[in-house]
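Please find the structures below.
Each of the next two complexes has chain A plus one more chain, namely chain B in the first and chain C in the second.
Now for the complex of A and B:
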């Protein structure tokens, strides 16, 4: 009897999380899947099953196809840029130079405030008008006329990537730094006794030992990038046209503002599949790479 | 050896200076403009103020409800984070120290939903929140954020496995209850991972924009981030005023950063090395 009382007590510890998780994650997920096959509009009680119609509509809706391609472009662009910058930055911040701590703080700080705030701050710099700060600099220094940083389709896309990269590179550098500091110093000493120069040491010691950090960092960059919303929303509102429209913005717009619940749910399910597929593919490939390097 | 490397190291200082300046420039730019008049800011946005004024700061406190928004953000973040950490830690306890078929099933059930992005559940969640009358309620948002406890649960579970089993077992022999073991023995030992969890959850909730935008309508319930969003259209012409509002909202998170700096770095490292 006492044994059952004990088991029951243990169960009580699990109850809150099971309740919250079932109500706010699992139930909405199942419902999302269900709604994606209906024409439910959120108001009328009656709705019909429309089969795969919503899924077909995803691929003929210009805003949605544009959002999918922009989100993928943003995700891979940002992941590539951050990785290329964060690894050398971490190696530099690992050296014992005088202003090291100041530089660590400066590069890390942008990852602390909200993305919305950061994007608004950059809005003043990238303002396409001639009084925009970057345009003023270009005029004063190089006599270049105003560039439409946020109004030209390609420039707007690249601008959102640059802002996101500025914001998060320091954070990922800290992640790499943690791995750099765990590499035993005698590896380098042994290598230099064997006559390996600094570049060879980086190539054969540092890079292979950073491979696990890269798997984690790239996974965070990819899953985080796919969920992008605030930076393009605050910088460009999704424009020009639908050029910087994110998948999240589409779901909010089509689903909540326009109450096309069925269509937005189908979009959500497709989004989930994209996130899952990319995450699984990336982790598998990079873990294999880790083994190859070691 | 040390002399030559020291000589080489000051080159890094010199080379990193422009990189650091560029990285810091956006913050310099908004801070400097908060001390300018509108005309001064429009004429020379990058220069130091021709005449330093402090009226923008006074005006922000007088004309906006920034203090109210600050309290809303603080209330939402504090309650959410405390609940998330408690729920997450509690859930890991029976799964680690009382493994059986039932708790194993619970773990797999929680694991299954780990990768589900918030966006996927957004549409039904919006309906659910309005059915439960949780829209435009501070506590509604707190309840919603409690789903973050699944992430904390995984962190806690990983950490709890390193606690020797003999500790709770000895306590059972001494007649300690299931409840007592958790609060007196297990929970105090979780301090490092609790700090990491608090940092990550605080930063997420304090900075979140999507959920407050969707679930809080009235301006008296704005969070700081939401207020910035709403002020953007109000102050389109008055740049310095908007920048001042932004700078003031950066202050709390800056203080948080200074206090937590060491733990933040440790947290990232711990998360990365484990993952």
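Now for the complex of A and C:
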């Protein structure tokens, strides 16, 4: 009995945060689910139930089908690129050299300002006309004509991935760095005594022991990537056509701009399920991989 | 025991402080209420000093732009103070106002823009201003944007027209002695510029362009000014009105590579800079561009021109009335809010608004002084009503149609679809939105 009373005391301390969490997260989520079955327009409080009509409309909407394919392309492209770059970067930053701390700071810095700001700055670099910085550099150095970095469908998609990768790689490198530093140095010493070369050490010690970090990093990259909004929006506004429309942009567009809150709510619910499914799948698979590697 | 009594004492003290604070708050709010009633009574009797009132305003002009107007008003009515909130246009402003309206926390005065006019008027959020005497100064062409069923819900004192700014010197160098009077002449002039190695035109193509709007005006509206009305009554289609316009745009500008799809990602500032530096002969813009262009290159000789249609004489500009100021229908300070709107309509108020915002005043009996480079747009566009902006003219689902239009013409520009497919997609979108 006394045990339960003590537990109740702990729960009591959780109450305030639970109340706030319920008010600002759980309640809107439930409300959103409820609204997804209505034709609420965001202005008039009178609305009707329309059943599954909104859910059906999602799948005949060109913008949303295009947005889903772009968002997945962006998410997996970015996750792959960041992971491929962040691990070697973390290993380099783990070495002892004179400007190590400054370099860590420099690589970490792009993840601090907002995505919008970064994308606006990159807008000048990627400006499609001949006076764009990147196009000028290409012309001066290699005599290559101006490239439509943000106007060609494929180039625009790749450009957004490159900018996003540039912005976040340092952050993920720091995450890996933290895990790298927790690997005891004895392992490497023992391995080198056994005659393992640097590559073998990476293959058999670093990578397996970094597996938990990779699970976390990839999960953050996937969920963050699926929720992408700022960088493509600021760089291309979703264009050309619907080529770089993100799912979140369609939700904002349909909900706020076009005052179709019911439809936007249905989209958010479907989106929520997609993100949840991908995240659970990824974490399960990668945790199994961790166990396999260790 | 001692400890407990000390604790008790502290608790009582704290509580009394809190309660006292509550009490004084109540007192304040009570006096606040009576002061409101008092001011109404006093105003009616014309006696003694009116009690202070605080008017809340939500605007997308920032505080600096609105300062001359507000200061002028305060000098005249010292008992009225302001709670001024600024939210940048357009999406942020619309979203913020919408949240405030839905939660009954909307300010006394807010703006009605093209993007939210239908929702606000349909929802009954704005006071009907039709019979207010001060509304007589408003131009009919401005009233159309903020009216429904013959009732007007906001005061809009300004307007803007956009066209093509052209570099006079580059035109001369290319041997263009007379401004193009028809679309074919315009394309011809652009090609002449291209021949002498000058980029004829930059357009950012990230919204329905000035060229699209004006071309629709000069080709369709000049023959049938009621086309959009018919369109939304179901008596006309986008295919009938816009296919020819989009075809002319594609064949003239895209196929001749006067506009190239790589311009899609440009920003307004980039267009303007390139023009000011003399690197491009024309760019679409409005009155807001004149100051910055002159700042970058004070020696540049430039002027605005309209977009010609297929036949001579049907020139149009792109443009719309400025946003309207409306009074919240649930305001507790109706009298003071109307006083503020009335002040806006006076010569003094208009002058202050013009000074602060740099807007062009389009009100009966007030002559705006415009920059010489802008004179043609003011004279032939704004004051004669030869301006067109789809989002103001379309009477429902503007935002959904705007985005569909934007996506469609970008797809035309990259040769993904034809103008026929583009207008079909617009007709479908309208149907879809009507059946939602």
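Quick notes on this one:
Assume the second predicted complex is superposed on the first by the 272 of 294 C-alpha atoms of A that agree within 3 Å, B and C clash if a C-alpha of one lies under 4 Å from a C-alpha of the other, contacts with A are read in each partner's own complex, and residues count from 1 in each chain.
The rule is short, and it goes like this: a residue touches a chain if its C-beta (ideal position, glycine included) is under 8 Å from a C-beta of that chain, and two chains touch if they have at least 3 such contacts.
Since this is a predicted model, take the numbers as computed values, not measurements.
Of the two partner chains, neither chain B nor chain C is touched by A:94.
In the superposed model, A:256 makes contact with both chain B and chain C.
Contacts of A:241 after superposition on the shared chain: chain C is touched, whereas chain B is not.
When both complexes are overlaid on chain A, the residue A:128 reaches chain C alone and has no touch with chain B.
Contacts of A:41 after superposition on the shared chain: chain C is touched, whereas chain B is not. Which of chain B and chain C touches more residues of chain A is settled by the count: it is B. Within the superposed three-chain model, A:31 lies in touch with chain B and out of touch with chain C [touch as defined at top]. In the superposed pair of complexes, A:175 makes contact with chain B only, with no contact to chain C. Of the two partner chains placed by the overlay, neither chain B nor chain C lies in contact with A:290. Chain A uses residues 42, 131, 256 to touch chain B in one structure and chain C in the other.
The part of chain C that touches chain A in the complex is made up of residues 91, 94-95, 98, 101-102, 115, 119-120, 122-123, 202, 206, 261-267, 270, 274, 279, 397, 399-400, 403, 406-407, 410-411, 413-414, 416, 433, 436.
If you check the complex, the residues on chain B that touch chain A are 9-10, 12-13, 16-17, 19-20, 23-27, 29-30, 33, 42, 45-46, 87-88, 90-91, 93-95, 98, 102-103, 106, 109-110, 113, 115-128, 143-144, 146-147, 149-150, 153, 177-179, 182, 203, 206-210, 214, 225, 228-229, 232, 239, 242-243, 246, 249-250, 253-254, 256-257, 261, 264-265, 268-269, 271-273, 275.
For chain A in complex with chain C, the touching residues are 39, 41-45, 57, 63, 123, 126-129, 131, 146-153, 156, 235-237, 239-242, 253, 256-260, 263.
Residue ranges of chain A in contact with chain B, taken from their complex: 6-7, 9-11, 13-14, 16-18, 20-21, 23-29, 31-32, 35, 42, 92, 95-99, 102-103, 105-110, 112-118, 120-122, 124-125, 131, 133, 136-137, 166, 170-171, 174-175, 177-179, 182, 213, 216-217, 219, 223, 226-227, 229-230, 234, 247-248, 251-252, 255-256, 261, 264-265, 268-269, 271-272, 275-276, 279.
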